[in-house]
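Next up: the structures, one after another.
Each of the next two complexes has chain A plus one more chain, namely chain B in the first and chain C in the second.
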Partner chain A sequence: MNVIEFKNLTKYYGSVKGCENVNISIKKGEIFGFIGPNGAGKSTAIRTLLSLIYPTSGEVTIFDKDAIEFGHELRKDIGYLPSEIFYYDKMKVLDLLNYSASFYDHDCTDKIQELAGIMELDLDRKIQDLSYGNKKKVGIVQGLLHSPKLIILDEPTSGLDPLMQQKFFNLISEENKKGATVFFSSHILSEVQQLCDRVAIIKEGEIVKIQDVKELKTDNYKKFKITGNNLNHGRFGIKGITNLIEAESEVSFFFKGNINNIVSILSTLELTDVIIEEPTLEEIFMHYYE
Partner chain B sequence: MNIFLFELKNYRKSIIIWSLAIGFWILFYMAFFPMISSNSETYDLIMQDFPPEFLAMFGMNSDLPMSSVLGYFGLTFSMAQIPIAIQAANYGFHTLSVEERELTADFLLSKPVKRSKIIISKFFAALLSLSIVNIFVWISSIASIYLFSDAKPFDLNHVLVLLSTVTLFQLFFLSIGMAISVSVKKIRSVLSYSMAMGFGLYIMNSFKSLFSSDVFGIISPYSHFNPTYILIEGHYHITFTIISVLMIIVALVMSYFLYLRRNIPSL
Partner chain C sequence: MNIIKRELKANLKTFIIWILVLTLLLFAASTEFGAFQDNPAFLDSFEGMEGMEAMFDAIGGSFANMSTPEGFLSLMSIYLYLPLSIYGALLGSSIISKEERDRTAEYLFTLPIKRNQVLLRKIIVAITYQILFVVYILLASILVFSRYGIDSNFYNFMLYMFVALSFTSLIFLTMGMMFSSVLRQYKKSGAITLGILITTYMLSMLIRLVEELEFLNYVVPFQYFEVTDMLNGDIKWIFVVISIIIISSCISAVFYFYKRRDLYI
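Right, the complex of A and B next:
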């Protein structure tokens, strides 16, 4: 079953393109990444999902229902964390969370306490006195306090320190294990790599590629860096090698193909060190943006 | 109900301040009546020298001399209409735009609630808040008339008819403010919009009196609910009241549908 389906979603702001012909299907229980630079159309797609904006054409369905028409019903099961966090400044954190909880049918008191505990959030402070990172934590608790079946995150990690980021990721993984589907937009590839099952790449408002994160990496090249003596003899001119940088004592390159071909070359050399790495998603994706 | 209560809570301070300010404004103005009343002949003589258009501009009329209780109350009330208008306009411009201005729209609109429910809750919260201020206007008007009438006769019924116009008067500014706030991209400063509307329509009403031309009065609620007219006649100006009610209805319907279809911009 697909939890979210974008069908030919197009949104223009006047004559400015937000996104065009976006088609994505997100399965139940998936953590789906949505990657693209700022201004690529990620937020446009997400805001349509929450009926904050209305599509120019195409449609979006959530749990097989039209996201615009049934928006208010669907949002019962959606937790949303916007990229920039702003709340009613004069309220205390707890009052805001209680106000937030008052929109849902069930009691959220325990969940609020639990989440605030995990995120180390002080509930008695006024929102205007909080630092950016702490406001972000309020956002996280407010987005998850009703145990949503679909969690939508729009660049959620900015402003969180690495420790909190890790706690947050654990929290999301936990919710995911309990059955929540996660739609995660980001421009930081490493966090998508860490968390997501599949990823869609968006560029200038259009989807460039949708791929399995694991597949993307196994099906791709490896990064080699070898050091030793007398290496610079043009031995690496074989098929599948790119980005070759040769020096007397150090050679680096990317390779895609039968790994044995490389190993047989390496065996003829006198090496002091070999490093074989997975390329980062940045490196993999870079050519989509060139 | 939660949005309604939340909004009402946010209005709390504002309601207290406006109620006290407008209430005391009326009491303060009326407190000068005994002084004027004791020199009534002198005042009436001075007034006779002014052309009627000029007097009308300031809400006076030779049929209702300033030295009479209702004449002076009419003047007081026309002055009190300005802050009443500014407050109502302020709530109107504020209520639907505050989320976008303070960037809390993402919070509220991502909750499981229909936009129609949001706008209805907000409208009634604003209306109830204005009505509380309205009650203070009634109390201070009636109290100040009894306190300072200087034992002169007056017809209380005409005063009650005039006070009953406040609700429509407030609704006018509230609904037009709401309609404008959802028609424009963004309201940066609510106060400048509401002051402009409150004073602008007042000046338009002055023009109406100055040029003795109803054209200027068509869209100004200061003309629709002109205190002098109502205190003399003892009833509403039918045509103007119908125009006012129609404008309110159009503005409310427009606000409703525009808000429902509004794109909430990201930051």
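Right, the complex of A and C next:
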């Protein structure tokens, strides 16, 4: 079963394009990444999913139901963490969380305490006194307190320190293991790499590619960095090499193809060091944005 | 119930500030009345002053009213109409638009509740505060003027004032809500409603002075309920009907438009 389905979703704000012909299907139990630079249309797609805004054309379904018509019912099972957190400033954290909890049918008290404990959140402070990172923590607790079946995260880690990020990722993984589907938008590729099964790449409002995260990495490039003497003689002009940077004593490039071709070139050289790495997703994705 | 409770709490402080200020104003006014009542010679000195009658006309009263508490209150009734309507205009526009202005819409409307359910609760709270305000003002009037001996005429006048103040201020309350729901520039809803309020107030003064403009009565809420009628135990029911039509149209517009539009976040 597909938990989320975008079908030809197009959204224009007047004449400004938000996103166009977005088609994504997200399976149950999946952690799905949504990658793109700022302003690429990630939040537009997510806000349509939550019927905060309405599509110009196309449709979105969640759990096979129309996201707009059944929005209020569907949202019982959705936890949403927006990229920027805004709550009622004058409320205390605990009051805000209890207020949120009052909209769900089941008791969330234990879950609130548990999540607040994990995220080290002080429940007695007023929202307006919280730092950006602490507001984000409130957002995380608020988004997860009703044990949602679908978790939607819009650039969730900004403002969290690395330790908290890790705790947060563990939380998400755990919820995922319990059966929650996760839709995770980000412009930071390493976190998508760490967490996601599949990823959609969006550029200027349109989906460029949807791919398995593992495939993306194994299929593709190896990153070479070699050092030695008299290297700069144009030996690396063979097929499959990109991003070639040649200097007298150091050469680096990406290679995709039969690895033996490279090894046979290397064997003719006087080398002091060779480093062969998996490129990071950042480096892979740069191709889509060039 | 949760939204109603939250909204009641969120708007309580403003409400208290408004009623405190109005209480002071009423108290000052009643004291001023005391000065007239104890000193008939003072009133007589107005008699025969040129332009005095015209000035009273413009504010919708008559000079003869100065000697009774209800008459005096009718002369200063605009000081009740205006603050109650301004309160309504501001409350109406802010209770809807604040969610987008403070960007809490992204939180509130991702909770499992329909937009119209949220609106209904907000409307209930806004109307509750508006009516409470009217009731409070009238009770406070009775209290501060009771020092000067009030009779059944005063109470009757208060009853009519309840109808008049409620409908007039509810018109501006729901108008504010409507503008926040319909306009793309929802932030301007308060300013626009206040603009209409001030314009219609100016018009109402003009209509009283220039008879040819009387056809405008139908579009100027401040003209719907004449204090002189109400002092005589009368009210023009057609304007009650018109008020109800305006109020329910504004509320319908809120329900119709708000759920259909993108939230501006």
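Here is the rule we use: the second predicted complex is superposed on the first by the 290 of 290 C-alpha atoms of A that agree within 3 Å, B and C clash if a C-alpha of one lies under 4 Å from a C-alpha of the other, contacts with A are read in each partner's own complex, and residues count from 1 in each chain.
In this section, contacts are C-beta pairs under 8 Å (C-beta built on N, C-alpha and C of every residue); 3 or more make two chains touch, one makes a residue touch a chain.
Bear in mind that the values here come from a model prediction, so they are computed numbers and not experimental data.
Enquirer: Given the superposition on chain A, are chain B and chain C in a clash or a fit?
Expert: When both complexes are placed onto chain A, chain B and chain C end up clashing with one another.
Enquirer: Between chain B (first) and chain C (second), which does A:75 come into contact with in this model arrangement: first, second, both, or neither?
Expert: both
Enquirer: Just checking: does A:54 make contact with chain B only, chain C only, both, or neither of them? Give me first, second, both or neither.
Expert: Both partners, chain B and chain C.
Enquirer: Between chain B (first) and chain C (second), which, if any, makes contact with A:149: first, second, both or neither?
Expert: A:149: touches no partner chain.
Enquirer: Taking the superposition on A as described, I'd like to know which of chain B and chain C A:137 touches: first, second, both or neither.
Expert: Neither partner.
Enquirer: Counting only touches as set out at the top, which of chain B and chain C does A:102 meet: first, second, both, neither?
Expert: So A:102 meets both chain B and chain C here.
Enquirer: Chain A residues touched by both chain B and chain C?
Expert: In the superposed arrangement, which is not itself an observed complex, chain A uses residues 13, 47, 50-54, 71-76, 78, 80, 82, 84, 86-89, 99-100, 102-104, 142 for both chain B and chain C.
Enquirer: Which residues of chain B touch chain A in their complex?
Expert: The touching residues are 2, 6, 102-107, 109-114, 117, 261, 263-267.
Enquirer: Note which residues of chain A are touching chain C in the complex, please.
Expert: Counting only chain A, the residues touching chain C are 13, 47, 50-54, 71-76, 78, 80, 82, 84, 86-90, 99-100, 102-104, 142.
Enquirer: Which of the residues in chain C come into contact with chain A in the complex?
Expert: By the definition above, chain C touches chain A via 2, 6, 10, 102-107, 109-114, 117, 260-263, 265.
Enquirer: Help me check something: in the complex, which residues belonging to chain A touch chain B?
Expert: It comes out as residues 13, 43, 47, 50-54, 71-76, 78, 80, 82-84, 86-89, 99-100, 102-104, 142.
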